[in-house]
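Just dropping this structure here.
The first chain written gets the first letter, and so on, giving A, B, C and D; residue counts start at 1 in each chain.
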Amino acid sequence: MRLSVNLNGLKLKTPLMLASGTWGLGDNIDKFFTKEEVETYIGAFVTKGISVNPREGNPPPRLCETPCGLINSIGLENPGIKEFKAKYLPMLKIYNIPIVVNLHGEKIEEFLELVEALKEEEIEGIELNISCPNVKKGGISFSSDPKAVEDLVKEVRKSWDNFFAVKLSPVGAVFEIAEICQKQDVDAIVVANTYPALGVINLKPLKIIKGGLSGPAIKPLTLRLVYELSQRIDISIIGCGGIISGKDALEYLFCGARAFQIGTANLIDPRNVIKIIEELKTFEI
Amino acid sequence: MHFGKVSIHKRESENIYLLGIETSKEIIKNFQPGQFIKIKINYRLDPLIPRPFTVHAVEENNFYILYQIKGKGTKALSKLKEGEEVEFLAPLGKPFPVLQNYVICAGGIGIAGFGYLLQCANSKNRFKPPDAIFYGARSKSELVRLEFLSEFKIPLEIATDDGSAGYKGFITDLIEEELKKEHKDILACGPLPMLKKIAEIGKKYKVRTYLVMETFLACGIGFCRGCVIPLKKGGYIHLCVDGPTFLAEEIDLETIS
Amino acid sequence: MRLSVNLNGLKLKTPLMLASGTWGLGDNIDKFFTKEEVETYIGAFVTKGISVNPREGNPPPRLCETPCGLINSIGLENPGIKEFKAKYLPMLKIYNIPIVVNLHGEKIEEFLELVEALKEEEIEGIELNISCPNVKKGGISFSSDPKAVEDLVKEVRKSWDNFFAVKLSPVGAVFEIAEICQKQDVDAIVVANTYPALGVINLKPLKIIKGGLSGPAIKPLTLRLVYELSQRIDISIIGCGGIISGKDALEYLFCGARAFQIGTANLIDPRNVIKIIEELKTFEI
Amino acid sequence: MHFGKVSIHKRESENIYLLGIETSKEIIKNFQPGQFIKIKINYRLDPLIPRPFTVHAVEENNFYILYQIKGKGTKALSKLKEGEEVEFLAPLGKPFPVLQNYVICAGGIGIAGFGYLLQCANSKNRFKPPDAIFYGARSKSELVRLEFLSEFKIPLEIATDDGSAGYKGFITDLIEEELKKEHKDILACGPLPMLKKIAEIGKKYKVRTYLVMETFLACGIGFCRGCVIPLKKGGYIHLCVDGPTFLAEEIDLETIS
């Protein structure tokens, strides 16, 4: 099949984007891929969620495996926008593929500050994380508050001309928020982030982890969202949830997604990217 | 991921297995003691995430891991048959520190990583042999690879909880005895309570004390930020890239359970 | 551990209930269990959803396996209340364990008609299915309409004195509805039914199945709901979602459930029931 | 579930395997031709649901299934090693009907269930031997178990799509030739297009025509109501308890794809 995709101006060589938070910030990429491989197989990088100030993230345990799934509660560990620009962005720029910065804020002002800080950089796109279920303020509240999302998206659109995506939470007012994004001229929505979940690390004494569920377990749930959304609205959809094979990716594309992101698959094997694209290539379409 | 083939799979005790993987010398030549591999367990989706194991030994184009059955991943691993193909990511993590006058201390399956250290130290590598190996287990039947360990002609001190072999009691008692005689650095791997005790002893005798830590890993390569160990000075360090071996004094052992 | 449970008067020998729709209506039980086994291991039967009129269910495909999960779109195939009482109930009555009838209606009147029809029978309990994601009217609408649930529950409570449970959908206004159930004196809530999902049966031409996801894949999601609900409200919770081992069941009990139901596990192996209870028994508590 | 042990596991063609399972005679004595088993594939959670396979043959305290690799379940099944334990539920479904003057027709892996029918018919059981076996496949290399089939001394008609063995073309052409000569009932198992064609032929020649149908099963025992086959008269019938063999005229083949 033909691999290149144009998402409202964002040109991807392949429909595969590396999902936020599952491949770092470019610091270890060269250990697993040659430059040529990156530029052949990866449609775009999406960075780990970046906030205004550095965040050290949540205390352990941050991970728990579940049947065909993974719960994470990283708590948005990241170096903050300043260090990101100084230290990490140059490493990413080595590669000739689009960079999409995933932004995390707890208030509209924070998002706008991040957008402002990125304007002077040559960055192809931004993706707003309004869905992270791990941080009480920000994440959860936006996804259940369409009005807040509307205000946020309107302001960001005003000050950012390049590619602009919003990453939805799979829970909350999904359809309403998708419609708002369409109306406010957002270029694409990423459907979706992780699902609120709980894992038991130890029974007695009870030790639990609350976090977001990702991986193959959630594929049928997010696929349903992508399908229903694509039936109702016109905005470009980037599918994200449980893809670990070329066949999984095709399911998303056939159910209405124009591109897709892979997350947990990178953690299982960083070179799954290549397997997925090679599998897509062999598909007759 | 790299590919390999199971060259040997042998039960060493009720719950401990030795797994040999044949692969290319190109791959193995990069392995250093203290580093680990992440092995994909069976070709289906459950268990989903490859599991980490320290390199236990290396021989020609084979490397070995020594593992204990804990949960579903290791149970699945134990079904692998000789000749079957396996996929793994390696080498991961930082090597052991290079120490001069030191002892190693292993509790239970904690012995796994030291095999390769002894092999390297034996072959005029930059690693030095320890002055002694302290090895504790619940009982005699859980002490494994004794023959292999004895090849290196290094004093081996044994302790078992039930006294069925060596000293009856904790291996940490024997270490403390040793340090009373002469101050030596410690490199320790084993269950958390043992590591906490070792850290105390190390502090008391003012010796450099390194602990091999554990936590559930996802990526094993720094991507996911899931494998944090809390630091005394605040903040976290990532086991898979900065560890698994850490200076005891830097880690906030109190908050780990 | 001690196995017997008293759920507001409903006495269970074990906390294990057979979930609705996953073991039939009693017609094949004797092929897999002796009477003694049933009475030793099974806390209560919950019947397949029963409606006023017979329903032949949805056209195939009705099932699709997903990673660690199963999508079903049975469409509430059932013989209707009349035939249920005449033909199936007597088969269930052979066993000396509580029978809970799962009721499906599309309007309040239908539910009330069902309750009326069951009054003359010696039945220990009813469970209202307000959550079935497969039937457009009824199911989906109730779970996103707390007011409708309030009216329904109030009416049913007036005319049914025995054990009365409401089975929630895991999506929609879960917390609001749980609170309504508590206020209206419902004896227990079942948390929860299946999750809206989509499976791809064939890519080209695209053939999909929309239905509800069950099985181990959903365990971390429903466990989270059970935990959060148990922190907030006081009503007895019956956990249901992805239990296939004794350890899974314990996780629910430790996270706030007082009893649990098993569904998909029955389809994998009808005798999983026994394995689960035997595993629970060995647990020291 | 019952327990058994893999007694033989043999590749019969590129994608078809013969799997023998040793279990108790107590269990096997209840098996009838046309019935199936549901086998738990590997001890982990993926694939989740046991898969159904018809009983292919029975020998002492062994029974056999003949299966083709289709997706993840059958791929996983093919990794089973001799000596490994397997769990299965059996026997499930209704036996084949007892027919007098009839032919059997198999397309591809559809041959699987007829082996046991032939065995039973051969041992003065209530089942009668067919007058002929019609067996079609894509090419010669996909025709399996020919030696076993020939033991029953029943005329075997072969067709392959590429003409590499027997008649070049569809097996249904040969059946039609046969029915032109003499009317006989048909018992057929194979891919859907073949079954649809057989149903047409059966109707044309006014013979009783039985089709072995397939659908994804969950419970296999009537619990879940997931395995419906649409009926001509409206409504559905459940494959796992009322089938898998059905009278062609009763089924709404049009709506099945």
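Details
Everything that follows uses one rule, which is that a contact is a pair of C-beta atoms (placed from the backbone, for glycine too) under 8 Å apart; a residue touches a chain by one contact, two chains touch by 3 or more.
All values reported here derive from a predicted model rather than from experimental measurement.
The chains touching chain A as well as chain D are B, C. For the pairs B-C and A-B, the count of C-beta pairs in contact is higher at A-B. Chain geometry summary: the mean Cα position of chain B and that of chain C are 47 Å apart. Remark: chain B and chain D have CA centroids separated by 52 Å (rounded to whole angstrom).
For this pair, chain A with chain B, the centres built from the Cα atoms lie 36 Å apart. Listed for chain D are residues 45-47, each touching two or more other chains. In chain C, the residues that reach two or more other chains under the touch definition are 64, 67-69, 215-216.
With chains as nodes and touching pairs as edges, the resulting graph is complete, every pair of chains being joined. Within the complex formed with chain C, the residues of chain B that make contact are 45-46.
Taken in their complex, chain A has these residues touching chain B: 21-24, 27-28, 31-32, 48, 56-57, 59-65, 67-70, 72, 74, 77, 207, 215-216, 244, 264, 266-271.
The touching residues of chain C, when paired with chain A in their complex, are 64, 66-69, 71, 171, 195-200, 203-204, 206, 208, 210, 213, 215-221, 223-224, 227, 242, 247, 250-251, 254-255, 285. In the complex of the two chains, the chain D residues touching chain B come out as 42, 44-47, 72, 76, 79, 81.
The part of chain B that touches chain A in the complex is made up of residues 1, 40, 45-50, 87, 89, 215-219, 221-230, 234-236, 241, 255-257.
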